[in-house]
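Chain naming follows the written order as A, B, C, D, E, F, G and H, and within any one chain the residues start at number 1.
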């Protein structure tokens, strides 16, 4: 991993034992730095809970973190639309924190219920980088992007059915956002958004 | 055409002379009822302006109307997002009016500028049917649908570029709207939305 | 939920215990109003049957309703094509009824057997809003829309195989309907069609 | 060309002079047999009209035929939906006739106006092979296929806009037809349908 | 079912008991005519084997036939490419036979081994209708169609991986066949091809 | 426009006279701030050159800027792959500069010629935000993203043919980048990338 | 350019004057080596014909070659299907020759006329590398690949209409070829196939 | 199989017993030549390990080889990007070796870590044919192709999620590679790439 960035283990397609082994090895090599594992299955989380008691596990985010977190610099605000978007939002939160940013979170602010979004409006402007997570039509980044000039990363999720085509509708919606200055990552890629947002927020830390 | 509904000429793929001829024939058959022509080219509009002085031409909507309009019943409100969506919104307006509804219009209320939408919020609830026209990410129907319980028809437009894929992004966005009770018509189909909305509004006329 | 509209629980991705808990909480808050739950798994239906004896369960529609239904106003007619479309049609029926409309249903009137459709022709015109449910080529709304001027909402279903692409063929067919005034909802979205149709029918109640 | 089948020139991408030259050469080689040219541009049709006075030109079908037609055997009935489908229907008519079948035609029998179709119902059963041409949602073959057991070839046309995606919606609709025994050719491929139908009809000639 | 055509039960999505019940009922109503059931699961085939000993079961075709077959008229030849295409080819065979045609079959004649195809060349011309079944690139109908002028129905199968996209590559290949007079049915739709081919072959019976 | 951000005119679909008029009006309202116009046609550029001599025109970027530029804060580095990507890269440059960032540019560093990229490696780390512009396979952001930890926005261009599908291949490539922390904007959306990068760079200015 | 490989100018998107200038400059730098220009417009070919009399122009291939050709090593055989595929086949021929291979060509050997292909069968085995060019269903590489074990590169062309989707059908067909050892390049990419085939053939030269 | 090429069993869709039986039969027929089986399930590998002790099993490649390998001629170098691409890379290795080429392998040289690739740069030029295996954005072939003039076959893998669409993003990326002379096979088709590369390498053996 790039100097300063944590080591990251991509859990998909790895056995519980493999993830456990890699986490241990990486932690021993740099005991003073956090190691992050993502996309963990239930079985892996269970094994880590038993055999790696020092790891901080988040079953919603499907992540594990081992070793001390870096000092938080800057502020990432993670905004998400529906309860089904929670796992992706949680992956953003953990990733950004492990990559050195301070992180706050606002949930359940769908575009069809503007009052909840308008209620947190001030917090949008106070962030150094926004990450907006939404599935279905993926409209939330456009609305948020119209309310603030803070750099905004949009994460489409695979939440939806039928013509959502596994997150494609949300992805296309975000790419075509009429709010200027919205950038987008892959469907369900909370990890990528978290890395990016942490980099932006750390640099803007004042 | 169904009893009570006006005759409609679909101008696409017809020569100016053909449109002129059909309009004349239909008008002579039912001089007491409006005839509507849609999707007119510039050349057709010009010819009609010269040879059919009684026709009401709308070069933005690309429509012509010949004969007396029916008494307006009920109220359709047409809401559109950007200036590029104007032709489709205008097609809705003319179509719904010719099909017997009263029609009002609000333009330029994109989701990235919520204040303009919130400013007309009261008018949303007063309508009998809403038609919401938007291109790009097509997010406007979700936001409007979250503000009111009036039946809402969404019209995706082909406005956009790149990954808008000729209106596909807006279409998918509207089909996946998280606001309950949003229905959708084909890309740029202001005509279809106008017919539908007029039927709903006329029936709800009180 | 919007004033007057019922609370709705979207069962997909929720555990049986979660659905049970939310239904109970919402019912206690408004014992005088129906609560609707959709997209229930077999396990959830079973649990509700045991622990919530007052709930009305429909295993075909995969819905549960708790609390008194509103007085029916207006008439929604739900027309469906094949037996495989039954679950979606049933979701429309329950949703529209819970949202305050009177509902009737006609099943098994595919376009390849016109006589059955023509036999119920009179009932089409008597409805305040039609909902037409069909999979495969999704042609039924065009045929029904040619027989009546009642507002018509089309619901494509994911019934089919091969080039039906999970309901995409039916969806595109309905969006391109040559019958004027047909609007469309997402694939398998009986809920959305039911909400919309109830709103239209209630408003047209005479 | 297969023994007995006529020679065919595919005019797309060929200059007027090239088409003229090939037609002349093929005709000289077999003066007793028809040669067919398809997909002719306006310029080619004009040149042929001037320099090949014996050729029978059909500007709607965009075809030219040179040399004597074969004795008609069997009966192909070509049914089409809207006026915009006329060019493709005409290509079927000319092709099937040149390939040795008797051909009849019924136009303007869209699914949204069933009465016109029901009025010609008897003629459907009298044909040896049906070719059904339709754009937009492509529903006509399902309805016709439900009325008769005669072999039916469906031709999707590129007529439509927006989500018709150049005829894709009609193509998918026809491939998913719920009427048994419907086969399909490429979008706008009146030629292929005509060849196939002529082969079937000639073989069924009694 | 249309007069003369057998009753057909589509097994997909029905329980074993449902299929058994429908087969029994239909057979009792017309004991002198075959009933066909398609797309049977292993469990349904097993139940039918036990409780309906008179049914003829084909586990490869996933079909069951109950009652006497009609006299065969005309000849359908079913040609398939690879061993994985066998289930679809077998569905064609059973369907065409039950619908009154004589049926023969040639297997394993892929385009990458022309000698096997050329070895059966004579049999192609002797058929009244050809059905050509192939997955992957779906090239077989073009090659067969170049060898004979007999009406040819192509059936794409979902055999393949990666960019075969569940049969889409084969479907597109067949729709674009450069051999004139090839028609196509839905992916894996051996039933539809069988019905169509039987109709053609019966009519050409001499 | 958001406080501090410049007014922007989207030239696509506007007549030369309309663009001229809007630029003048906006400039008069805020003579102390730059106004930006993008997507200008040749005709519009020509008219502005004649009637608005104070505007700075960039025919490659298809932009016009009127009024004084803001003081540059932070550093945006725009890296592009091929000469055909120049218009999009130039749109990024102008947009970011008008939105208050300092901008530098490196051109012609395609992935198939790594030496040119490695030669500018040091400049990558010195930037506050990178914008990487590439068409065809869109691989450049992955390679650049592997060389530096600076926030990186990728812009796919519609450069390419055949299976590039108007920039779709590049878009998908960038969304799937294996380099962590790459975000993406719409195809050819140099404007969006420029706004975003300027916001990041201004915030990181030290 | 890689040592030994010629310089190549991609003509698409360049003015005639630009192409002329680049060709001259490159030729002056290496007068002993061929320079290749591809994708030339008619206007560019005309200008080169006038101002660069030493250039060898091929208006079908849309190429120009300036400077002496390298000694041919090995043998590339270019096989194409229909007359419309000629430009792409010609681009392969010129490119492979300029890149140092001997090149032969066989045209008009579509899969629907096997006799023509079987007549040249011996020449297939004598080649060091085959390039097979075909549009529409793209079946030719499968048939050729079944006849020989020589390395085979397939080039899909955009020839076709309707569901050929600009060459997509041919591309998918070739990627799914059931003949082992077929590789594929982009739609219409005769240049890429020529470079690759020349590299293979030069290395196999005996 | 073509003379000299080994027999190959495609294990997908075959039972363990079937694969075992075919392997035995083919081996008995040609005991002096290797037989290859690919796409083996875990159950098949297990059965072969027990009942066919002479077979060489590779559980990563999911292959089995029975009988003596041919003398290696020429050199294929297989380069792969990430650890998840290992199964496809291993299938290439085994296939090319069984088809008579010498094979070497380099793993874990993703484009986001150029140093690892640059470290093996010399080995690229020493190969007779390169096979480059990569998922996600599929950028590796472009970078490798820019470093060497050796014939290069690219294999996209289905590794990735979201907008990788099962390997489509990698496939499109490789087809649009800006490095000249890159050819591509189907997603996950290590077998096809191995056959092709062995043919090229054997012919270039010096």
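Definition applied: a residue touches a chain if its C-beta (ideal position, glycine included) is under 8 Å from a C-beta of that chain, and two chains touch if they have at least 3 such contacts.
Fair warning: this is a prediction, and the values are worked out from it, not measured in the lab.
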item	value
Counterpart interface for F-H, drawn from B-C, E-G or C-E and sharing over half of its contact pairs	E-G
Interchain centroid distance [CA atoms averaged], chain D/chain H, Å	48
Chain A-chain C separation of Cα centroids, rounded to whole Å	36
Distance between the centres, which are taken as Cα means, of chain D and chain A, whole angstrom	57
Centre-to-centre distance between chain D and chain C (centres being mean Cα positions), rounded to whole Å	41
Two or more partner chains touched - positions in chain G	162-164, 168, 171, 175-176, 180, 186
Contacting chain pairs - touch in the sense defined above	A-B, A-C, A-F, A-H, B-C, B-D, B-F, C-D, C-E, D-E, D-G, E-G, E-H, F-G, F-H, G-H
Of all residues in chain G, those that touch chain D in their complex	84, 161-164
Touching residues on chain F, where the partner in the complex is chain H	81-82, 110-114, 118, 136-139, 142-143, 145-147, 160, 162-165, 168-170, 172-180
Residue ranges of chain A touching chain H (in the complex, touch as defined)	12-13, 156, 158, 166-168, 171, 186-189
Chain A - residues contacting chain F, complex	2, 4-5, 8, 128, 149-153, 171, 175-176, 180-186, 191-193, 195-196, 199-200, 203-204
